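Accompanying notes for the structure given below.
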């Protein structure tokens, strides 16, 4: 089994620019995180974009959708900012059939040392291997179907709607 | 869904004694790791023992088996040293019916900062929520059935036998 | 010997707000850093302010100056943002006599795990114990007198002027 | 000013062998630590040995002494295990004249993420630049002369004798 991983940015991959004192994107840390996790799963990683999900445009979601549809693998993990992860999941749900797609992200950048990113990546990779076809969000150790999940902005946690 | 977590020690939970310059066990870090992972899953954690799995006796495996059998939850995660994880899985396979049991561990102590533990914990928690009844080992981002897994001691990785 | 430590904020003490995705100040980490460094020096810590040094006003520098002058200790360490550390050192040089004052800071927040802060704190504490009276900046493993130092904004490093 | 750094091993440089589950020495981390500390001091690093100081023989101390005596720099930093740091300082005191030599070490390996090593290295580098000729031990944020220092093995801390 090969798992396709699409990187889109989000807090997951943010870094600290020590000259400007600001957060920014450079390259994804997913490869490094998989190495740290001693992951021996067969994965194929592509970076589609490196953006804050709060600035993600409809055209960006279209790029993600097209790449998911065209991927020959039917197990797909997407790293994504948490702010609009649910919106992207909805777009995917309308267009993608016959694939298991799991979106995940992080509340704290991986480079900051005390990130939830490694935990989330491990969980998302396990969910994508085992769940039936569908579009899912994996956060907080749980997995939600795309049409029954909401981010609580006050706590940063994902919940079921129903 | 409630996931029962049984802690048995292993590299996962080792700490560094700075006076003696040696590794030792104190308390489990599983609670702290779940907090770092912002895990909101309903879990119930019990520490059964804090041992190196290379020193684990038959009587220790019997304790683990009895606790798994008596647990009212049917989703059970066991943190365990990697050296004899397969042996414990075999003991469980003989006695446990109607439950999903996932064993996981780590190659590097969580307290050392560059551990695979957080990744493994995330993956194991996802597998235990989704897999059908059976005894499994979750390592290296993958999940193995108890009767088709082997640790390669030269690389520290788990492989399928067949 | 008692070393007085005045905290004024700076990158040193910045934290990551995971809900807003922004850096902010809460409490100083100096106490925690001294504990990590197993520091057994007699220190007395006061937080004067928690600000970005780029937003530091003349009135803020006046507060720092007054506190340095009034301190009964003659060994004083100031944690400070690097952007205007030199400006504050100049203000202190005009008003402070008979004391050894060392300013230090960090390029990366201590909470990010790969910070220069712990190294800088160790060096500054050593310099403040050994140098004759005067106003100094301790960065990059070196110590500069207040009137012969400049921050290179392109590299983030401090250099001698002459 | 050039500071000569001699590496002799000690907890400072220990690493974790994940296959054996044991601590061991590979290469020194001093270069990496200086980089993390953005140290721009002119340093020249030589690894003399990589040993636990509890196993250090008289012949090892002789090697250190010879290297310190032959070094053309008069500012010398030695990284050393804490257990017999005082014994080595005594050997150096008998043979070395006209140089400032500072020994330092760590209670927790640098690779473990919560080490005092970076703090100690910063402090020792500052002390070696500022102190008059003599043999010193820099630990716990303080600096001790070779003939007035003792390690308390119960606490791991260094104290004055008198």
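Order of writing sets the chain letters: A, B, C and D. Residues in each chain are counted from 1.
Definition applied: contacts are C-beta pairs under 8 Å (C-beta built on N, C-alpha and C of every residue); 3 or more make two chains touch, one makes a residue touch a chain.
Small disclaimer: the values here were computed from a predicted structure and weren't measured.
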item	value
For chain A and chain D, chains touching each	B, C
Result of counting contacting C-beta pairs for A-B and A-C, higher pair	A-B
Length of the line joining the C-alpha centres of chain A and chain B, rounded to whole Å	26
Centre-of-Cα separation between chain C and chain A, whole angstrom	39
Contacts with two or more other chains, residues of chain B listed in rising order	107, 113-114, 156
Touching residues (chain side chain A, partner chain B) in the complex	33-34, 36-41, 107, 113-116, 118-127, 129-131, 138-143, 156-158
Touch list for chain D against partner chain B, complex	11, 14, 16, 18-19, 21, 23, 52, 107-109, 111-114, 153-156
